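Each of the two complexes below includes chain A, the first together with chain B, the second together with chain C.
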Partner chain A sequence: MTAAWRRIRAVAANTFLEAVRQKVFAVLLVFGLVLLGGANYFAEFSFQEQFKFLKDLGYAAISLTGLLVGLLGAAQLIPAEIERRTILTALCRPLRRWEFVVGKYLGLVALLAVMLVLMAAVFWGVLFWKELQLTGIEAGDAAAVEAIRGEARDPRLWQAFLLIAAKLFVVSGLAVFFSTVATSTTFVVAMTLMVYLIGHLQGVAREQWLESGEALGWGLRVFLAAVTLFVPDFNAYSLIDEIVAGNNLAWRATLEVLAYSVVYVGVLLVAASWVFEGRDL
Partner chain B sequence: MIRVWSWLGLVAFLVAWGGIKIPWENQMARHQRLATLGFANPTSVALREKLGQGLALAALGGFRGLAANALMLEAHGAWEKKQWVRVRSNLEMATILQPRVALFWDLASWHMAWNAAVAAENFNGEPSETRRRIEARKWVEAGRELLERGTRAVPEKSILFQRLGDLYWQRLADYQAAASCYREALTKGDAPVFLERFVGYALAKAGDREAALEYFRNLRLSLGEHPDPERKPEVLDREIRRLEREIAEQRQGRVP
Partner chain C sequence: MIPAVRTSGLRKEFRLGWGRGRVLALAGLDLEVGRGEVFGLLGPNGSGKSTAMKMILGLLRPTSGLAEVCGDAAGTLAARRRIGFLPENPYFPSFLCGAELVRYYGKLTGMDGKALERRVEELLALVRLGGEAGRRPLRTYSKGMLQRIGLAGALVSDPEIVMLDEPTAGVDPAGSREIRDLIRSLKQAGKTVVFSSHLLEQVEDVADRVVILHRGEKLREGRLEELLTLTGEWQVRTAGLGEAPRRELREWLRERGAKILQEGAPRERLEEYYLRNLPEGETR
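Right after this comes the complex of A and B.
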């Protein structure tokens, strides 16, 4: 097992370095600028509105950047290796195919994790700067200053950040699964995006399927069953909206979604390894 | 042949996982509803909001917050131009996208029941005062309806109940309804301290001085011997004395 782990680590490190060399971190600069620009744009609103805008903007920017990096990174993983024939030199070494898949995924996750941490640092920096700006304006009103500090230093933001990371790791797992089936990067991106979008409606499809009984036609029932069985419930991550709205959210709900994500990634990696084992290269 | 078996095995594995994940996802949805809305089963209201939200979610892929903010900015622009129908449609859409954001319901109802209604009351283009009042009343009702929906979408916070109370008081002159809303707000735990006195003020304003006096007396008793100064015991004492005097005067003035 230790030898397998060593091989997985080597593949992951290689994948990470390859991705970093593609200047992917340049997007961080764009992210920081977007956020700083957005922070000043809403200055005419109340501080609650300003923080809501800023948090929405920050989380959307983190999600979108992470989604693009995860999607494009995963799409490049296996189809590009096959196209360049470099996969043959990797697999002729004492490396099992599942180790290759897991290593590739972990490399991608490492890249995403580093990017997320850096983006989160920029985000918290902007929130802190906004806090200084607003507390300067409201200096005379102790209650307002307290409320501004509460908004800027809200510990629930950690929960939102973890939920975004978990969602991106599941999307990357999906992309890795499709990259073991596909021969082109376009297919991987298109399929993953489709499942990502459908996944936000999976909860509605599930309830319809479970509760409608005979009321629906069999064609629609089969479609709803397929969505329910094979698509992750991305709506579960919408707890982020609760946090941005300033509503209370128990850690238990967050931890449940995190556990679901970990298990889902495990299932996707098993499925991806399964497909890749049987694939002719 | 081996490949067919391999694919069938994969499908069987994913179906087996589906069998595990469906109850898990159901339980997770129940827990999330309980944690955020305070009830486990979807109500008709929750379903209504959820359907709109679900479609929007699919279309926006999880970036609802940004879309809702864009609509709010759009509404702000429309407000500056006094285009009330645009203000209403944009803010209603924002509340569909993010029904759990109390701020949207609050803002939308304020624009409807106050800004749009006052603009309708003062509209120079309509010479008939009756028609202007009818039009204004429609906007106030629109604001009330938004707040009613908002209190069902964010039932755990006091703010929308408080705003609904304000609307009943200031825009509809229905002080009993205002008192009920303030009472409901006070059960939420995050209500501002001053709101506890507003129930009594609303009852007195409604003409029910006896009920107001009883409410203020009970409230004063609940403060104990060493009350928190923030709860303003001196204001309560003053209100009790005023109501006692007014009730006594009323009784004396009656024809025996």
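Right after this comes the complex of A and C.
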């Protein structure tokens, strides 16, 4: 193991430990888990609709909880350390600034991964419980039992989880980038949310930019170009909706989105490290 | 021999932002700190002490000039490997306990495994935070305990140079004495210590050499005995001298044209008196 990786791991472990010991994250996790568990009691439709509802609500709960954790966690990463001056005692050591940024990001990703695994486990528990319930009711109908099992054990759920995780990791990367520029946690949260929202319209901006030609003023074209080139396309992750709707989703499409996320996070971390390198502490 | 710390024309201006111009924090500081020296940075608030330290540590980028640590440019990994640092009013991650903090800093310097565990125990004992105290969360620590755990963190990699920014600020007299004793023991171990303080008596107690800064400018620099010795005056301190010999002595001095500037029983320093009157366990 290289010395740099050892230092990154130390920063990541410390970041993870800090988050785990903060009550706010535990509260958010409990909120997410209760939402997932409670979803079981809202559904009073046909079994197909019940599963659709459960999946819809489940993914929404996981996404929302993950988004809040990612935003709050990342916002605290660097501005809070600068404010408390704890960063001085870390960066006066033989630790490169990019190692600090990457370590902080990985610590946050580890926190998100643990939360996602926990929430996924509860989600699958809820689906399994629903399967037991419904197969009991439909015991006489072999075709219905088979269809219920198919819904509850749908392998596409893995694709959905990977897409949610990738989206959250990109949001966290954005927040880490803004935290290297910002002096306040509010700024980080506000900027990240703004880019997150604009990112859902990135596709529209791209289309406008590519197709408008000279019809738009140069100011608007520059803005659309900036959105297209710098803001991540969060609509790419709406493939989850296809899965919830019961449509087949090719693994190739999922892997493309994952690769896009990896590249985007990489670029964000390089940019964050570069900005942070020149910052006075 | 390459000095432990050298700065040449080290200057720092901070941008105020929004077109409000710049403020000068340090105006071309030239400095050399020899190896094994205890060096004091003195000056009022805003004189540039912390700015100079941060530039030597690579936490701030100089506007111009250079800083070197044992010949390596300040801020490089090679330079930072040689330094242990305790900032002013240190804040540490409050979710950690004392031992975890020292362990974390050890890992950041590349230490690991049993060697790190041994070092952590050794340092906790050195700063009197071994056992239960080392396992308490830092948010329950007093100011003095935080300062001591900070020192342990600064020393974890056994650095050649120890930089302490106001190490005794806010610490009670006994704690302050302990820190000064520690500085002396670091010197005995061959370490270079660079520290800043407002508390001049305490600096006098431990420093070999000092620099006085004011509004970013160097006012004076030198060895304490050179700076503080009043040339042209002489002082004798005796015991068992009764009133009659005192009168004779005064007369004798007057006859030889000496002007008596001060006379009387010497006073102990308040700190000495205070520490002498505390119960034994409280001072050590």
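The definition used in the following text is that the second predicted complex is superposed on the first by the 261 of 281 C-alpha atoms of A that agree within 3 Å, B and C clash if a C-alpha of one lies under 4 Å from a C-alpha of the other, contacts with A are read in each partner's own complex, and residues count from 1 in each chain.
Operating definition for what follows: a residue touches a chain if its C-beta (ideal position, glycine included) is under 8 Å from a C-beta of that chain, and two chains touch if they have at least 3 such contacts.
A quick note: this is a predicted structure, and the numbers were derived from the prediction, not measured.
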(message) I'd like to know which partner A:Trp98 touches here: chain B for first, chain C for second, both or neither.
(response) neither
Practice task
Go through the superposed model and pick first if A:Ala253 touches only chain B, second if only chain C, both, or neither.
Solution key: first
Task = Tell me which partner A:Gln22 touches in the superposition: chain B (first), chain C (second), both or neither.
result = second
Q) Does chain B (first) or chain C (second) touch A:Gly278, or do both, or does neither? A) both
- request: Using the touch definition from the top, say if A:Val11 reaches chain B (first), chain C (second), both or neither.
  value: second
Between chain B and chain C, more residues of chain A are touched by B
(message) Once chain A of both complexes is superposed, is A:Phe187 in touch with chain B (first), chain C (second), both, or neither?
(response) neither
The intersection of the chain A residues contacting chain B with those contacting chain C is 278
Note: in the complex, chain A contacts chain B through residues 45, 48-49, 52-53, 55-57, 59-60, 63-64, 167, 196-198, 200-204, 206-207, 210, 228-230, 233-239, 241-242, 244-250, 252-253, 256-257, 260, 264, 267, 270-271, 274-275, 277-278
Residue positions on chain B within touch of chain A in the complex are 2-3, 6-7, 9-10, 13-15, 17-18, 21-22, 24-26, 28-29, 31-32, 35-36, 42, 50-51, 54-55, 57-58, 61-66, 68-69, 72, 76, 98, 100-103, 154, 156-157
Listed in rising order, the residues of chain C that touch chain A in the complex are 14, 54, 57-61, 77, 80-81, 83, 85-87, 89-93, 95-96, 100, 104-105, 107-110, 112, 150, 153, 157
In the complex, the residues of chain A that touch chain C are 3, 6-7, 9-11, 14, 17-18, 21-22, 84-86, 88-96, 278, 280-281
